[in-house]
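One chain, chain A, links the two complexes that follow: it is found with chain B in the first and with chain C in the second.
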Partner chain A sequence: QKVSVEVLDHLEHLALVDFRDSEGVERLQKAIQFADQLHEVNTDGVEPMDSVLEDRCLYLREDDVTEGNCTKDLLENAREKVEEYFVAPPGNIPLPKLEERDTFLQGS
Partner chain B sequence: LAPWIPVVGLEIHAQISSNSKLFSGSQVQFAAPPNSLVSFFDASLPGTLPVLNRRCVEAAVMTGLALNCSINKKSLFDRKHYFYADLPAGYQITQQRVPIAVNGSLSYSFCIDNKMSQMVTKTVRIKQIQLEQDSGKSLHDGTRSQTLVDLNRAGVGLMEVVMEPDMCCGEEAAAAVRELQLILQTLGSSQAVMAEGQLRVDANVSVHHPGEPYGVRTEVKNINSIRFLAKAVDYEIQRQIEELENGGTILNETRAFDSKLGCTVPMRDKEGKQDYRFMPEPNLPPLILYDAKSLPANMNHQQVINIDWIHERLPDLPSVKREKLVEQYGILPEHSFTLLNEDGLAEFFESVAKQTQMKPKKVIGWILNDLLSYLKQHSLTVKESPVSSFLLADLLNLLEKKEISSTAAKQVLAELWKGEGKTPLEIVKEQKLELLQDQKELEQICQAVIDEQENQ
Partner chain C sequence: ALLKDGLRSQVSAALKEGQATPTELCQRCLALIKSTKFLNAYITVAEETALKQAEESEERYKRGQPLGILDGIPIAVKDNFNTAGIETTCASKMLKGYISPYNATVVQKLLDQGAVLLGKTNLDEFAMGSGSTDGVFGPVRNPWSYSKQYKEKSVPKSHFEDEESNWVITGGSSGGSAAAVSSFTCFAALGSDTGGSTRNPAAHCGVVGLKPTYGLISRHGLIPLVNSMDVPGILTRCVDDAAILLGSLAGHDPKDSTTIQDDFKPFELPNLTDVSKLSIGIPKEYHAPGLSSEILALWSKAADLFKNAGAKVVEVSLPHTRYSIVCYHVLCTAEVASNMARFDGLEYGHRSDKKDSTESMYAATRREGFNDVVRGRILSGNYFLLKQNYEKYFVKAQKVRRLIANDFVKVFRSGVDILLTPTTLSDAAPYTEFIQEDNRTRSAQDDILTQAANMAGLPAVNVPTALSERGLPVGLQFIGRSFQEKQLLTVAKWFEKQVQFPVIQLEEVKRHDNGVFQHQKSASFS
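What follows is the complex of A and B.
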């Protein structure tokens, strides 16, 4: 079962990944096939586990102020800043639609 | 034309009242220099991890208990992914699968037709309460076509309270949110001041004909006060009805309330339906809460949250306070609502009642009709009142002892309001407002008035 172009396009929009070429898409297909092997196991009546940490204790921190006040350090990473604010474009710049962007997916 | 049934549900975000953030040790404070209350974790720098704040969990448990919820002894954290400049990690840590509290209820009351005499009580089901992170703040600079981002608010703890679509109009939604606000403030779990963004409400609105399935719903955001909430909901209900009656359709969209125009408008920047790609938060194990029965023997106190211990220490909720006021002072239920609706007014009333011989049933009239209307006229809070409970009690005592008439008492109150430091007795003497008790003197005055009338 191949992953459709619509799904690949959807993934590129959501995660801003770039499948770049047929090799990238093939890698994704193989990863899905690999994970699909899980379906061979009968899990009826078994509570799903989402982490091997599930039995660990979740540490609770006291409500004390111990961090912050490092504006200068944080802003050092910013390409653009205005009076201690980070600068971003006016809104999200959506990935152009499939027809309008230069992607190998168009050919598929 | 077939009748329409409006359906209103609410999603309320209440900022948790805590010193530090949900998953980091940076400070929670309203107005501070931009990006000064931001830790490396809040800025999503690589190599940082979330560490859960105990106080935030307690706040959520208290709130869940106050709203009659079942507290989930095991709840989970998830990541909700979307891109926005004020969400540095590209995801928000929330509780999508198993939240901390579920299946509660909230009772609220309001007056029919704005008459204080007819109060209606309704209940709205609470679907769930979940813990989640707040995002930073975006300041849009239209002229320079850029957004300025301040991450001070990023990571502050929020309780999202989801109310089922059991409400039918703006008035109900407003009353429900007001009661929730009072509960949160009583618990101290959130200060819930809407003007400071500590309480944010989104409304889900749809309409349908009786017997038919629910209509398409819209989400209304950008509601900045309880008053605007009622307006926004009612406007949206009307808009949907008109649209459908004109043969149009309702889009499942997000709309913003424009308070200046009093209407809802479609929000831009919502590119189709969002896919949040929820996944378990890999850095946080499940949150386990205990009660008296399940309390583990050998665990460090500080690492254990006991639901029963919190339950025992819940303060009297507004509904209980109102009942006690009615029972103790013989006032009407409507009065108790007004007393609790104004910050400090109930305490003021009780203080006056203790200091005067006048019956509480009479005192309440002076509090609600006279004092409160003065405060409202001058936009003052009870705390800012130039007339203290001591002064008012003093005045009411004069009235009770029949040393002045009630008209005179109102005059004295007007004078007291100027806050010039005079006592009621001093004002009475100054303005010669004492009631004459002497029979003879009264007869003389009456006779003089009659004589003058005859002469004219």
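What follows is the complex of A and C.
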């Protein structure tokens, strides 16, 4: 089955990355097709594996401050900043809907 | 000849005895980097800082107080490791101009031991790829393309065709590191390995490529691709050197909670003479479709080598091998979708000029910063993580991962010590041929033999074995038990000694190596 435009649009919203052209969409289709091979494997009664180190305890260190005071270094790489703030454009403004966005999917 | 020597046997001794100095060594390497610029192995050459480090090292040797065997040794680092004060780009527009504020733990460890950091090597963008062809700084060329051995075997199709169109890829994604080591511009290099990214280019470039057990070496500062599979990789010209690097890098790091807490003791590799107690497993599923008859023959020859030396050689089965690449594809894209979310232009990296809203700025930044491959994986990953797909794809893949890991457990439990497999399906392809298929297809094809070791977290090493009919390197892979690097490398070292892989004959290197260091006997000729 082909992926619907709604889902493609939803993915662009979630990923904040664009398909750009038909090749991009084809790429996803092929990726899904490829992944479908997984369903040939019988995994009844098999637990999902998160980590190969699952039999070990995760290391927890003491809750002591061991480093910090590197504000200047961290701000160094930001393009837009004011005093000790990273500056972001206004938030809580959703991405324009499909019809209004400049996206390849608009034509679909 | 000094440039060709292994660390332990010749170079370190030479530095200690004053027969060579760290600054001379550094300068030779820097000069060689300049004259092999056409390989495009380096993204950044840290000339000033390297010379300064070399001078400091020289001071220590003069005082008779070198920090260790790595003091003064020129090293290169893949450009997805953070290096303080040096640009770290991951071969992407997204991080062009990003100057790391800190050193990755592995980089810090090398510097603490006096290693000289020559520069950052080229890779596929964000380590996604198997050719080192998809980075924003262009593809890396395999030094063997310019070797006497390759040129002798290539038949020019016309007199207009020259080296320019004939060059072969390094493999990837740590192609720059492999090329740097292979062309003698450094003694060792760091790579990363998520699906074979250290072993694949090692095989194509004729160098040793070690993927350590997951959890042995810290990933702090390694820009992550797949958190549950990434490991720093080690590329060297001989197995002994890989063991030395491993010794200086392994061990628990409080900054990486996925490193195990067991005490790690650096080791020297014994010179194995008796292999009769060894059990070598040959997994039949690694006779994968597309495996060249040449490599198949080499693999068989290697098995016989062990058999004739008295080792027990048995065919084994890892039944889920063929699903490994599919499983990897899902898990990798899913983790990538998550890991790449941090690149939004706000705190570091590229930032778009779009100002209307945070979301639109993020979207534009990412549109401008990532190449097709990266965007493709992010979108696929997001697809597999959608609520309606989560169980069907992501969790399913995690279950298959357990089956793959269990395959190995069963085989090792049955008494097999080491697995012997090919590393790649064929020798290095010409660039013009390689780019005819897209990145995902290529990765799926090329990772097939290396990928499962990442799934299971096992240590694996590529050992250069022989030259193909085209005069290009072919390597074989050894896979060992978790955290049994000593055993793995001991066997690898024995094998390396048996096969006597030839030294690359490069005009460039000969030019730089003549005269000054005369009486050094190259370790690799013995």
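Assume the second predicted complex is superposed on the first by the 100 of 108 C-alpha atoms of A that agree within 3 Å, B and C clash if a C-alpha of one lies under 4 Å from a C-alpha of the other, contacts with A are read in each partner's own complex, and residues count from 1 in each chain.
The criterion applied here is as follows: contacts are C-beta pairs under 8 Å (C-beta built on N, C-alpha and C of every residue); 3 or more make two chains touch, one makes a residue touch a chain.
Small disclaimer: the values here were computed from a predicted structure and weren't measured.
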Check your understanding: Which holds for A:83: it touches chain B only (first), chain C only (second), both, or neither?
Key -> first
Check your understanding: In the superposed arrangement, does A:18 touch chain B (first), chain C (second), both or neither?
Key -> second
Exercise for review: Once the structures are superposed on A, label A:30 by its partner contacts, choosing first (chain B), second (chain C), both or neither.
Suggested key: second
Practice item. Look at A:65 in the shared chain and tell me whether it touches chain B only, chain C only, both, or neither; answer first, second, both or neither. Key: first
Check your understanding: Is A:47 in contact with chain B, with chain C, with both, or with neither (first, second, both, neither)?
Key -> second
**Study point:** In the superposition, chain B vs chain C on chain A residues touched
**Key:** C
Review point. Should A:39 be classified as contacting the first partner (chain B), the second (chain C), both, or neither?
Key: second
Exercise for review: Tell me which partner A:3 touches in the superposition: chain B (first), chain C (second), both or neither.
Suggested key: second
Point to revise | Interface residues of chain A shared between complexes with chain B and chain C | key: 10, 14-16, 50-51, 53, 56, 58-61, 70, 74, 77, 86, 88-91, 94
Check your understanding: For chain B, which residues are in contact with chain A within the complex?
Key -> 18-20, 24-27, 33-41, 43, 45, 51-57, 76, 81, 83-85, 138-142, 145-151, 268-269, 271, 275, 277, 280, 282, 284-288, 302-303, 305
Revision key, fill the gap. Chain C residues touching chain A in their complex are 98-99, 101-102, 214-215, 228, 252, 254, 257-261, 320, 323, 326-327, 329-330, 333, 337, 344-349, 351, 354-363, 366-367, 370, 372, 375-376, 378-380, 382-384, 386, 392-393, 395-403, 405, 438, 440, 444, 456-457, 482
Revision key, fill the gap. The chain A residues in contact with chain C across the complex are 3, 7, 10-12, 14-20, 23-24, 27-28, 30-32, 34-35, 37-41, 43, 46-53, 56, 58-61, 70, 73-74, 76-80, 86, 88-91, 93-96
Practice item. Using the touch definition up top, name the residues of chain A that touch chain B in the complex. Key: 10, 14-16, 50-51, 53-71, 74-75, 77, 82-92, 94
